[in-house]
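Input: structures, listed below.
Look at the two complexes coming up: subunit A is in both, with subunit B in one and subunit C in the other.
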Partner chain A sequence: MAMSVDLPPTRPASAARRPGFLSRLFAEYGQEIVVLAAIVVLFIVVTMVNPRFISANNLTTIFAGNAYIAVAAIGMSMVIVTGNIDVSVGALIGVLATISGTLAVAGYPVWVAWFFPVLVGMAIMGVQGVLVAYARIPSIVVTLGAMSILRGGLISVTGGTWISGLPSEFLLAQQRWFGVPSPIVMMVVLTVLAFLWMRYSAFGRSLYAVGGNPEAALATGIPIERRIVAVFVIHGAFAGLATILFATQLQVIQSTVPPNLELTVITASVIGGVSILGGSGTVIGSTLATILFAAIGSALIFVNVSAYWLRAVIGLLILATVLADMMRRRGKA
Partner chain B sequence: MNLKSLIRHETFLALLLVAVLIVLSFQSDRFFTVSNLLNQGRLMTETGLIAIAMTFVIATGGIDLSVGSILGLVAILTGVFWHNVGMPLGLAAVAAIAVGTFAGFVNGLIITRFRVPPLIATLATLALYRGLAEGISQARSVRGYPDWFYVLGQGEVLGVPTQLWILVAAAIIASVILAYTRWGRTVYAIGSNEVASRFSGLSVEKTKLALYTASGFAAAVAAVIFVSRVSTTRSDMGTGIELDAITAVVLGGTSIFGGRGTILGTVIGLCLIQALKNGLSLAGVKGDGTIMLIGAVLILAILASNLFERSGTR
Partner chain C sequence: MTAPFVTMTGMSKSFVGVKVLKDVDFDVRPGEVHALLGENGAGKSTLIKMLSGLYTPDAGTITVNGEAMKFSSTRDATAAGIATVYQELLLFPELTVAENVFLGHYPRTAGGWIDWAEVRARTRDLLDQLDTFDLDVDTKVLALSVAQRQRVEIAKALSKNAKILIMDEPTASLVEADVQRLMQVVRQLRERGVGIVYVSHRMPEIFALADRVTVLRDGAHVGTRAIGEVDERELVSMMVGRPIDSLFPKTEAAIGETVLEVRNLNHGRHVRDISFSLRRGEILGIAGLVGSGRTELALTLFGMTPATSGEIVMEGRPVRITSPRQARDLGIAYVPEDRGLQGLVKPMAIRKNVSMATIERVSSGIFIKPAAEARRAVDAVKRLSIRCRDIGQPVGELSGGNQQKVVIAKWLETSPKVLILDEPTRGVDVGAKAEIHTIMGELVKQGVAVIMISSELPEVLGMSDRVLVMSGGAITGEIDRADATPERVGAAMTAHRVQANGTGEAA
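Showing the complex of A and B:
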């Protein structure tokens, strides 16, 4: 590769001292800003074509209906930041939703039906974390195997039947808190808390070190194995919280695995700026990306594009975002 | 040396396969019959072709998640080119395969030119190619192919299913290329240390571009065989086949980090999975129970080989 010998242009000392606030913001949160800008542009353009796009009804569908994906993507982002991946999360959410619905129909108190699956999710992900950290099986292999086990197990136990007759107080996602649909409140609160925790706590910072430079992390005294197990357990908890929102949306729960859910969650994390190589990214980005996908899906309907082309358009946008991100990173380097 | 542990993994796997075959033949007297075994070969060809190409890709430390979507796209295009565009069926199949190969080439371009990690690049094209298949098909399927077309997926040549010949030929050619050619050694070198390979003057980018193109080609051929076998086209064909193929490859001892792996291992992995699927269904276990078992086998096989390896080399 050719080496550049151009010297940077000389600048007055005062300006050279420190880059401005905006450029620092962009350097650190470039991808998040790009996704946010895409959302804003999309909303403006689609609303001009069809003003009903920003009706309260449709906004609720976009934000509340997809909040569970954003919540699951928080945990996934943490896993990816440590340099691992989880393809079993879709199957896990399917299993947990079935457990949750079965408990609710069997007459257990609703808080048991909501939170017992969270514990199950933490346990299942904890086992996977141990296999990754201590048995040193690559996370793609462990979670691929776990996906088969969970998916096969779910269908052979339930036969893919629908769970109906859910008690109305179980339907948390249909509630409103402070006048706002509860999934939106949960999505925003969890995203902000997770972001602050990852950015300012010693534990959160150490996750970036584990993913960015494991050798340096080890030299600094970070127990890498324990961190990886912990991050999988936390990811399991977020999958459980996502399940609460997913399972309580409708009057029925279909006891199968939502198709391609794991890919949607991974894609949201990555498009939101979490580097698949580990070591960088924030959960604000993953939540914004979830909203962007949901908005695109809805927008296509409002501008009368056939639903059959939905995935192609989303795929094209994912590809464009990834390519733009790679160009941006290369430009910076 | 590395070779020793390779041999060990495949020996271990082959023994496991023999054990499974013996157990299954006691479970059902219909299992160990020539017609059943040949039929199983028929069923594993599509995954097999993809897994063989995937072995090369994974051996370089890459991955291709878009193969299932390429399969769906090529299947749809075969039907559309023939039925809607009016091409002769043979030409339609060739044209569809060409598109599938191009789809693989696009993967390669994204990965080599833009330096997008393969997992992300093919995740994006997984959505894109499946989306194209759905958009083009508009949920319509094409049926009613001429009889000669079914020879590929349902017919026999010399008493053996037609597509099994293709799989065997592909496996032999691929293992010779991977084990004995300069090009095959390049694949391992890239997987072991990409930077060092580049400094050694190996054409890393060209090799990778060729591999992802080949992966698209394999998925495309599998698509035409698939259509011929099931006599129809649907846009959701091949969903999840990438995971079956990756399972076979990894089970076969190819390191997910690249640098080692053999076609023989992949083929044994394939046979093992297919034998389990078939044997269990004959024993009355439903397909979903089998999926569970495959997941468990995948994790346990890698766990076992990790334990062997650590006691040996470290």
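Showing the complex of A and C:
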């Protein structure tokens, strides 16, 4: 090559190659592997103490009962990857569940009761995305405002009553598909699809660029405002899908916001390896982290420890994960 | 001849296995200005950070007044009489001048309270010693100019009874009048017996101020000379390690038809009525002081700050450029001044950074083809000799020069017709610098038109076919390679007063 003539000869030849499979796996999915290992260890240990832990009944509770959190965490992970955050998702799911139940009781076809809230979720999140991207208000401020509006509005309108008399065909989360509880199927399918899309689509890649360095993304021709609005709309769609699973699991819907739901969802993303600073993480991680919490919560009961310890354990996990992330970043700086 | 106040012997330091300083000796005598010279990455800042206590050496000794010292913090160095005026001034904008000067060592009253009267009086006294009578000690620092803040920093150093003052690129962001004033302050300090370590790239200042000069290259000590024994040519060749004519490997490329034409372009105060044309195979250098509007012009051409009036004609077609995306699609590429800020996503792999501007070329439908993407990245790494572990390595782990080559690689993927390079070799070591110049030569041979913005006059003169000089947001000179001398370019760089009278009223 003509160019090599003038290059100083003292320099070693370049390692122009693709990295090996294993090193790539650990470099890219380190946190996911750690969480998966934690789940496996937890199951083995708790089952040795109390074999009923691994019964089909308990597993269904763990996986199906928390699938809606995992689905909401998919959208949340995308938002956090772009360097933003959303604290309104818990309130939003409460509002959407109430809309869904009201429509079902009013006699609308069940698919309307299921999917109309998805559209509402996309619209509400879209508005928030516009405020973040174009009005340049920090996402924590926009979504805090939205949280108050949605939460206050919901209680004012419904007075916190329960919606009952839901038609049985509305209760999607109680169905089984191919012999598997439907929430588990949805959680797995949505996680895999979202993962592949984040990993292999040009759009997904651009989200990592926007979160990793918005200035550079802009200077490379990525329209960062449009990407941020889009990611909020998609997050709204996942919140809507999570609502379907949440609202259809019981015979009644309580018209209030599930306490701390937004924090649980954010925590799942963070412990799953999504950097709170943006730019890295996968939805496989957030789904695994959701399963890990659910399993820890259940395990505490099976080994006779007060379930209140769950919060404390999760708190420790958050700090440990963020600390590890900061140390990784410092190493690379 | 007086004995040195500070002597550093055999200083060595490694970072993550890379030796950045190898067995360097350095000393400073009371009442002298000792200039420290070297290219970016030569080890100057590492050396002065050891002297100021920020870094601990791996090997080597520091003696102050004949006594061996171990600095484990800047506090230790300050106590030994060594103070630093940093390039990025470390003052608290919300505090007053007096509060800043004595921050951390406020004089106390008998009762243990801060003696504010004393703080203000002593600050006044220190500023007067620096001939800075016009600065009120009760002004908040945020209201001061860069030059004024610098004098506050110097007063702060003197308040700690500094015997040695380290000045890291003190004139880098000053305008000419302030440079003269600063040099006066430096001479006064020298007369009072303060020893000054003066780090600067600017040869005229070094010859005007320094008593001795030490040159570092690639972390090693090249030589220490009395200023009377050397000339500029010799210093430069000591810095780069070879005769200076081979510094800029200018290759002859055939200059073709006009590809970009700009007429009466305006944006804000910094891009005023700019007109020029650019041809295939040409390197157009843009010279000018910091703040002359060079970068602003590039940002306007690239659509980051779209032009408010004027015309851009690309290959004969008038175009309006309002976003970087549009500029990119027209065949304009911009390698930014600050690669960390605007060029790279540092935690991301080389592979992903290289494909960032051209993701659709390695995709089919909505999905990226990883093999195609990897192939292009491997190819770029080979062609530009990017030194890395593999293409999966995060770019943040690479050296400055290799990071810069990744940014260039990213833009070469777009097959640009016009490549704008803003300070392409800033913060890049000597070897990589030559490689980047070679790459530029290769590109113009292939018919790319290059606009190179540089603060380094030798680089502008060495690489450009034509030089545009900017000052005060306007073009103050257009000089062909054959006529481009440091004097002519330098004169045009400071010609803004004339220009400002002419166009300033209208703007």
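To be clear about the criterion, the second predicted complex is superposed on the first by the 297 of 333 C-alpha atoms of A that agree within 3 Å, B and C clash if a C-alpha of one lies under 4 Å from a C-alpha of the other, contacts with A are read in each partner's own complex, and residues count from 1 in each chain.
Convention: a contact is a pair of C-beta atoms (placed from the backbone, for glycine too) under 8 Å apart; a residue touches a chain by one contact, two chains touch by 3 or more.
Since this is a predicted model, take the numbers as computed values, not measurements.
S.K.: If we overlay the two complexes on their shared chain A, which of subunit B and subunit C does A:Leu310 touch? Say first, second, both or neither.
M.R.: first
S.K.: State whether A:Tyr200 touches subunit B only (first), subunit C only (second), both chains, or neither.
M.R.: second
S.K.: Per the contact definition in the header, classify A:Arg24: touching subunit B only (first), subunit C only (second), both, or neither.
M.R.: In the superposition, A:Arg24 contacts subunit C only.
S.K.: Give one of first, second, both or neither to describe whether A:Ile318 is in contact with subunit B, with subunit C, with both, or with none.
M.R.: first
S.K.: For A:Val118 in the superposed arrangement: first (subunit B), second (subunit C), both or neither?
M.R.: neither
S.K.: Let me test your reading of the model: by the given contact rule, A:Ala242 touches which partner, first (subunit B), second (subunit C), both or neither?
M.R.: neither
S.K.: Using the superposition on chain A described above, determine whether A:Ala219 touches subunit B (first), subunit C (second), both, or neither.
M.R.: second
S.K.: Counting contacts the way the document defines them, which residues of subunit A are shared by the two interfaces, the one with subunit B and the one with subunit C?
M.R.: Shared contact residues on subunit A: none.
S.K.: List the residues on subunit A that touch subunit B in their complex, please.
M.R.: 85, 87, 131, 135-138, 140-142, 144-156, 259, 263, 266-267, 270, 276-277, 306, 308-316, 318-319, 322-323, 326-327, 330
S.K.: Name, in rising order, each residue of subunit B that touches subunit A in their complex.
M.R.: 63, 110, 114-117, 119-121, 123-132, 134-135, 137-139, 239, 243, 246-247, 250, 256-257, 286, 288-296, 298-299, 302-303, 306
S.K.: Hey, which residues of subunit C end up touching subunit A in the complex?
M.R.: By the definition above, subunit C touches subunit A via 249, 302, 304, 323-325, 327-329, 334, 336, 341-348, 351-352, 356-357, 359-360, 363, 366-368, 370, 374, 378-379, 381-383, 385-394, 396-397, 410, 431, 434-435, 438-439, 442.
S.K.: Hey, which residues of subunit A end up touching subunit C in the complex?
M.R.: Answer in residue numbers: 1-4, 6-8, 10-12, 14-19, 23-24, 27, 200-203, 205-206, 208-209, 212-213, 215-223, 279-280, 329, 332-333.
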